[in-house]
Structures are given as C-alpha cells and as structure tokens.
Amino acid sequence: MVALDMTTDTVPGDAAVAQHKMTTRNVNVYYGAKQAIKDVSIDIDMDNVTAFIGPSGCGKSTFLRTLNRMNDTVASARVTGEITLDGEDIYASSMDVVQLRARVGMVFQKPNPFPKSIYDNIAYGPRIHGLATSKADLDVIVESSLRRAGLWDEVKDRLRDSGTALSGGQQQRLCIGRAIAVEPEVILMDEPCSALDPIATAKIEELIHALRGRYAIVIVTHNMQQAARVSQRTAFFHLGDLVEYGVTTDIFTNPREERTKDYITGRYG
Amino acid sequence: MFLIAILAAVVASFLGRRKAQAIGRASGGGGDPRSRMPALPGHYGAFLALCTGGPAFVMACIWPTISDTFVMRAVLASPVAKTLPAAEIDREAIIGEARGLADGTIEAAFNPASYELVKPITAAIQHFNLIGFILTLVLVLAGFAAGYLCIRRDFRARDRVETIVMVCLMAASLVALVTTFGIVASLLFETSLFFRQVPVTEFLFGTHWSPTTDIVPGQTNGFGAVPLFWGTVFIGAIIAMIIAIPIGVLTAIYLTQYARPTVRKWLKPTLEVLAGIPTVVYGYFAALTLGPAVREFALMLGMENPTSESALSAGLVMGVMIIPLISSMSDDSIAAVPASMRDGALALGATKSETVRKVLVPAALPGIVGGILLAVSRAIGETMIVVMAAGMAANLSANPFASVTTVTTQIVQLLTGDQEFDSAKTLSAFALGLVLFIVTLILNVIALSIVKRYREAYE
Amino acid sequence: MTEPASAIAIATNMERKPTDWSASSKMRQRLASRNRTEKMFQFTGLAAVVLAVFFLAFLLWSMLADGVHGLSWQFLTGTDSSDPETVGIWGALKGSLLTMAVTLGLSFPIGVLTALYLEEFAPRNMWTDIVEVSINNLAAVPSIIFGLLGLAVFLNFMHLPRSAPVVGGLTLALMTMPVIVIAGRNAIKSVPPSIRDAARGIGASPVQVVFHHVLPLALPGIMTGTIIGMARALGETAPLLMIGMRAFIPTPPSSFTEPATVLPVQIFLWSDEISQGFVEKTSAAIIVLLAVLMTMNSIAIILRNRFEQKW
C-alpha cells in the first residue's frame, strides 16, 4: 500500500491554504429558485472529524454533497462560491469529477452495498481507478480495506458471499471499506448510523475514531450525542445558514449563538 | 472490409493499451491520485480501437451502395452497353441478369444479351472492390495515426470513449423517431399519389367499394371506403366488444375480489395465454371451426344462404383475443383504487358485490374505459382474423351473419398477388393504412391520457 | 347513492327508533335478497372466467385433435410442396429462425440502448418528450402498418430483395423495438437509486455507473420483455404478407437474402388450400408454433419470478 502523506505534498509556501484539507468560501446552493445553502464558509482539517448538525431540512446533507459534487446529478441544482481541495477549485472545469469523487469518498445514509460479492464490493473502486495492476495487488487492497473497516475478521471466510447478505451494521462498514479502498483523502458520511441499531452504531463510531487522522472525515448527523462523541469540530446549520462552527466541546458546553443553544438543549429539532 | 476494420480495431486496442501503460510507468504511476493518468489503459485501448476501426466500419457499411452506382455507370459506359435496348425496363432486366451471372447466383440467363455484359460487370465490380479496399486501409491508417498521437500523459481517453458511447445511445433513441417519421412520410406520400387520381371525398364518403386499376377521371370508380369503415367498426368495435367487455371486466373483478390467491396465481397466466396465441391461429380457428358453426346457427334461425365468412364469427374470435387485454387493464385499475375506499364501503355493511358495483367499478371506471379504448384500437388494427374469417364482400350491412370486409382485409387483398406499384388500386391500400394509423393513434392517445390522469388521481 | 339521504335522515330525525337487525322480518328479507344478489354476482364472475378458459381449452383441443396425427419426423424436416402428404415445415421454420435472428440482432441492442438513454441520460426537454411519445405510439400501432412501411421503404425505396428474411427481420425489429424499450425502462426504473449513488460516490463515471451496475441489475427484466416481444414477432403474419414473404418455398432458405416464408405465414397459406389433407397439416403446424411460443413465454415467466427483487 502507498503511504498516505497527502498533506505533506503541498508546497510549504502555500501555507495558508495547505493548513486546511478543504475550504469553502461563500458557498450558495440553489435548487431551482429555492436557496438551500446560504453563504457558507468552512474549513475542514485533516486530523479532525467534523460534524454537521442541525434540524432536518437545514441543508447539512445538501452541503455535504456539494463537497464531492454529488449534487451535479440533480439537474436543477446550482452551486456558487468557491470550494477547494488542497487549494484546487473543485468546481473548476479542469477538475475531473470522477477523480474528485475518488479523492473525496462518500458513505450514505442507508447502507448501499452493490448486489455483488463482498470482495467485488471492495474491489470495484480500485478496479475502475486502476489502482491494482495484478490480482495479488487487489487481494492486498481488499484485505487491508476490510481490516481498516473492522470487518475482516467477520467476513474473511466468505468473501464470495453477497454483500447484501450481511447485517445492516456490517453492510455499512462494508460501504466504509469500499470508500477506503480507493484511498480517498476525505470521507464524507451522510448520517451513516441513522438506519442502524445502537450496537452497530457504536461499532461505526469506534471505526470513525480509528480512521481519524488518516482521512479528513466529515459526518452529518442529527444525533447530537453522536456529534459530541465522535467529532472535534462541529458546524451547526439552520435553514441553510451556518449558524456556528467551532470546537465541538465549545459548541456543546458554551454555544455563542442563541439558536445553537436552543437546538442543543432540545428547544426545537 | 468489415474484417479489416474489426481486425485493425483489435490490434489498435492492444497498441493503445500498451502505450498508455508505458506512459503510466514512465511517469512513476503508483497510488497518488494526482499523478495518475486520467483513465485506465483499457480506455486508451478502446479509444484507439474506435479511432481506427470506426471510420473504416462506417465506410464498409455504405460502400456497397456507393460502389453499386459506380459499377452501373461503368457498365453503361462500356462499349458493349451501346447495343442494349433504349427502354429502361428492358435494359435493367438484362443488366440484372448479367449481374446474377457474374456473381454466380443464376446459371442461365433468359436474354442472350446479358452474357455479353458479364465481362464488363465482373471487371467493374473487381475494380471498385479494389478501390473500396484501398480506401478502407487508408481510413484505418489515418484513424490509427491520429488516435495514437492523441494518447499522451494528460489525455482524458475515458471522457472521449464515453462521449462516443453517449452519441451511440442518442443515435439508438433516434431510431424510434425515424421509424415514426418513416411511417408517416411513406403513408402520406403514397396517399397523396392516390388522391391525385381519386378524389378524397369519394374515398371518405363513397359507399361503393370495388377497386379497379382503370381510373375514369371525373367519375366514381369504386373507391368508396365507407363499407370498409363500417365493417371494421362492426367487427372490431361492436361485436368483439360485446364479447370482450363483459367477460373481461367480470373476469378482472372475479380474479381481484373473489378468487383465492392460489386460483388467481394460476388463472392469470392461463388467461394471458389467450393474448399470446398468434392471430393467424385465431383466424384459422374462426374460419375452420366457428365459421361453419355460425352458418349452421343462421340456418337454424331460418336465414337464407348464410355464409360461413360472417362478421359474427370474426367478431366473436376477436372478442376472445381481446379479453386478456381488457381484463388486465381492468385488473390494474381496480387494484389502484385505494383500499380505504373499499374498506369504507365494507364497514358500512355493504356486501362484496355492492362494494364492487357501487364503489370499486365507478372509481376504477376511467381506467377501465381507457383499457377498452386501447382494446378497440387493437381490434380495428387486427388483420389476420378478419382476413381469414370475415370475407371480401364490401357490404354495408348490420346483419351479423352477413359477410363484411374491413380496412385491414382490403389492405392485404390489395397488396398481395401481382403488383404494379403505382396503380390507384395499390395506392389505395396506403390511403386505408393512413386512415387506420390516424384512428388508432387518436384512440391510443386518448386512452393513455385517460389512464394517466386516472393513475395520478389516486397517487 | 343512498348515503346522503340517510345522513340527512339522521340529522333531522334524532329520535329515530333503533333498527332491530335480528327480529325485523323486513330487514331479514332484505338481507336475504342482498345475499342472493351477492351469490348471483359471484356466479356471473365465475362464469366469465370459466367461459374464457373454456374457449382456450376448446381452441387448443381442436388444434390438437386435428393436427396431432400430422406430426411426424418427415413433417418437421420437410419443406412446402403441393402434395399435403409430403409437406413439412422445416423450410418455414428456418425462415422464421433467420428472420428472428435479424429481428433480435437489431431490436435488442437498439431497444436496450434507447431505454438506457431515456432513463439514465436524456435531459428533460421537448426533444426527449417527442422520442418518448413516438415510442409509446409505435408500441400500439397496428402491425400491418409496419408492413406498409416495410413495403414502401425497404422494398420500393431501398430496393432490398423481396420475400427475404432480412426485410422481414427489419420490419419486425421496428415493431419489437418499442416493446423492448418499454420493458427495459421499467426494469431500469426498478434499480434503486442508492446503487447509482454508491457507484458515483466512489468515482464511477456516469457511463460506468450504467454499464457496470444498472444494466446488469436490469437485465433479467429486459430479457423478460425481449422474450415476450420476440414471441409476438414470431407469431406475426400480416406485416410479412405485405413484404411478400408468402412465396411457395420448396427449398429451405440458406441466407438472409433468399426468398423465404415463416411459420405463421405458412399456416396462413396452407389454410387457404382446398385439399382436405392440408387441414391436418395446418393444425400440426399450429401445434408446433404454439409449442415454441408457449416455451418462450414460460421462460419469460420463470425468469421474471426468479429474478423478481424487492429492494
């Protein structure tokens, strides 16, 4: 495997940008005439887990999907402002969306393994991106990805079984493994535990802890305890506005904004 | 030529892949996504294969038609051709024969003159085959060179290949459009030729149908299609529907509301078998079994000279053929009625049949009517049953035991057998076809919009 | 229809006497008559079903009774002739095979690609709407119109050979393609969007998403639709009469451009013969045709049940 030293690649003189893995400046997202995201500026760092919280419909998932241009598939969606990955504008015409999505992986709300074998689920990404030159290479990638996703011991004897035969929590870890397999730099997780039971949720949270530092992780959650448990930074969204963004403990113990406080204390949600 | 194109493409795909791999290795390759080439070696291979084989393949497809005209011209310019008769028809017949002799499909020619032509034809064919061959090679090499030079470190081969794939997809979707256009254009064109000879009013409102090839201008010529329209409506929209609507709707009600699930599971596919039986089989059955039986029945009723080719036998069988269509459309519409409506009626103490008659059927009526319109459109466009069982006599009669003829029967009648293509007789078939096309189109559009609006109402 | 009336009755006459459901003889009579109607209705429904099934059974039985003695090895391997004793269906069967090969070879790829384009890539605009409308209408155009198209375009305009499987196949392909498109679109629609998201999320391009994931998952459904469409094409007669595939073919065709006939047309031709011996042969040919068609339809049904997936 190749060592993951992406951040050190960047030129030292470019320090202002290089400090942050991803930056967004004045991002607006429109669906047709409706504005879903208003003027959001956020920095995402390599060694942090960043949580997006907020009531449903606040735009946190929409914003997450602009970070790897998944919104491109929605015909009416329009994005303005600047989003960069390692200082590169991801909405620039020179950016290959497909490579962007390989670098910024995504895990979805509902586990969505391909109806193929566990092995093929993991191997699909490396195959289409040409990461492996031989079968042996691919085997190594599959094993290491499944190990990192904490799934290897459970499935190592049945790699040929269908991915859809796993339990919900295992499926979600398989999806995380599938995202890891293409060696992304950022992993976006869109409410990854909302379809899972508490035990499976705990496992995913452990996994997020284990992955922290290797990848910049952004997680959208409506569960505030979860945000408090897994993240170092938290952004609170409300009606398309970024209300507050800061260190997680500060947000939860000492919110600056009234709206944040109301939400965290359960006044609405 | 096809072979060259395909072989060249295979070789090119291999070379493209090799070059891409070489570049990949040279630039260090490896896992860093930003230093990776923007596509897999296979994409470069596919790209080069398309560049090399694509134009040559297109060339191979169109060359035969182009070379044909060239061959013709060359042959006509040859000294032997000077001796050919001036009349185009004779000349073409001789050349056709000579051509058959040249490629060995016929052994002996009817006209001795064609033997003379074999030599120049063979020579011309060989000449133009050689030209085609060389052109293909040139295209292959040019395509390959252009494609090969394109492959560089930062060349997005995948995007290019995918653009080509998208163009193929779009082209495929245009086939349907072209077909529709072809139907409309050919029908309109031939029909306009027909109406140049026969007035529209005679065709649409005349009641006398006995098409002949000899047209007397300014006089009615037996192209009055009203008896045909009547026969079509009588068989397809009246007799067949009298059979099919009650049986079809009742079957759907029984299957959805009364039958046990296991019974339903078996009966539904069984009924669908009725829809799968080819119409020629229905026609045979109507002509051979039902026709004589209907005739017997008519005799019993005291009719004189009943025919075995009656509207009744054709309509009966057509009705049976239509049952599954009406049944499945009604089935769908009844199933689409919200369960709460049904439960509401049942909870008031209505019996099942009261619920069905007073709640379900009225609620599902638009869907059922849509299904019936589709069925009518199917029935009036149906050909084989009426060709085999309804007869040829263009009668304007409402007697189900009489023989009537339909639009489709006459189309078949007019266009089979010996044809002179430009006579009013054959052209009238296209006019009938146009009428049929327009009527079925209108019925379908109405039916589909009714069904669509109905579905939306309950969604 | 009586509900509004009774509602008013309740509203205006609050002290209505409670209905005694069990004792009132009038109510009992009424119930009995309603139950009779119920029985009658159910019986009518059953009768309709029985009638339809009976007709099917009668049709199949009469074909079997007439034709089963006509089936023989010689019948299956022989070709058309003027003597009912020596006729066979191999010539027609081979014509059908060649025609179907052309039909499948054209309509399947074009149909599937069109379905993919319309479901996955086509922008929502007027152009797409026109394509969609024309496909839906083609699916309902009477088959004989396709025959007229074949006659006018393929024979008179393009001068393709008359009576040849290639022309028959082309004509039937145009007829079958919309069926495959419609079945294909439904199958593609039933592939859950989450699969597309998953593939896109790890960086598959739109074309890769479709060809690696959507198409394989939709294939069973597409196959079912294709088989049903092909079965319809195989039983089709009228359009082939238009393009002259009704010739007397004493030797089986050996290429796509030689004159040929197909099984349903052969049945039609034989049914016109005066000689009594042809009745048996016609029915025998029908048995063969029906056997092939029912096999195809059973395969389609099995395929559908086997791969029916609930997501």
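First chain written, first letter: the chains are A, B and C, and each begins at residue 1.
One rule holds for everything that comes next: a contact is a pair of C-beta atoms (placed from the backbone, for glycine too) under 8 Å apart; a residue touches a chain by one contact, two chains touch by 3 or more.
All figures in this text were calculated on a predicted structure; none of them were measured in a lab.
> Report the topology of the inter-chain touch graph, choosing from line, ring, star, complete and other.
Basically all the chains touch each other, so complete.
> If you tally contacting C-beta pairs for every chain pair, which pair wins?
Result: the chain pair B-C has the most contacts.
> With chain centres taken as the means of their Cα atoms, state the distance from chain A to chain C in Å.
Using C-alpha averages as centres, the distance is 48 Å.
> Could you grab the centroid distance between chain B and chain C? Build each centroid from C-alpha atoms only and quote it in angstrom.
Comparing mean C-alpha positions, chain C is 13 Å from chain B.
> So, what's the distance in Å between the C-alpha centres of chain B and chain A?
It comes to 51 Å between the two C-alpha centres.
> Where in chain C do residues touch two or more of the other chains?
205
> Among the residues of chain B, pick out those that touch two or more other chains and give their numbers.
Where chain B meets two or more other chains at a single residue, that happens at 158.
> Show the residues in chain A shared as contacts by 2 or more other chains, in ascending order.
Within chain A, residues 98-99, 102, 128-129 contact more than one other chain.
> Can you check the complex and tell me which residues of chain B touch chain C?
It comes out as residues 158, 161-162, 165-166, 168-170, 172-177, 179-180, 182-183, 186-187, 189-190, 246-247, 250-251, 253-255, 257-259, 267, 269-274, 276-285, 287-289, 320, 323, 327, 348, 351-354, 356-358, 374, 377-378, 380-384, 387-388, 408, 411-412, 415-416, 421, 429-430, 433, 436-437, 440-441, 444-445, 448.
> Going by the contact rule set out above, which residues of chain B touch chain A in the complex?
Touch residues, chain B against chain A: 30-34, 36-38, 40-41, 156, 158.
> In the complex formed with chain A, which residues of chain C make contact?
Within the complex, chain C touches chain A at residues 123-124, 192, 194-195, 197-205, 208, 212-213, 217.
> Which part of chain C faces chain B closely enough to touch in the complex?
Contact set of chain C toward chain B: 1, 3, 34-35, 37-38, 40-42, 44-49, 51-53, 55-56, 59, 62-63, 109-110, 113-114, 116-118, 121-122, 130-131, 134-138, 140-146, 148-149, 151-153, 156-157, 174, 177-178, 181, 205-207, 231-232, 234-238, 241-242, 244, 246, 264-265, 267-268, 271, 279, 282, 286, 289-290, 293-294, 297, 301.
> Which residues of chain A touch chain C in the complex?
Residues 68, 70, 73, 75, 97-102, 105-108, 110, 112-115, 124-125, 128-129, 175, 178-179, 181-182.
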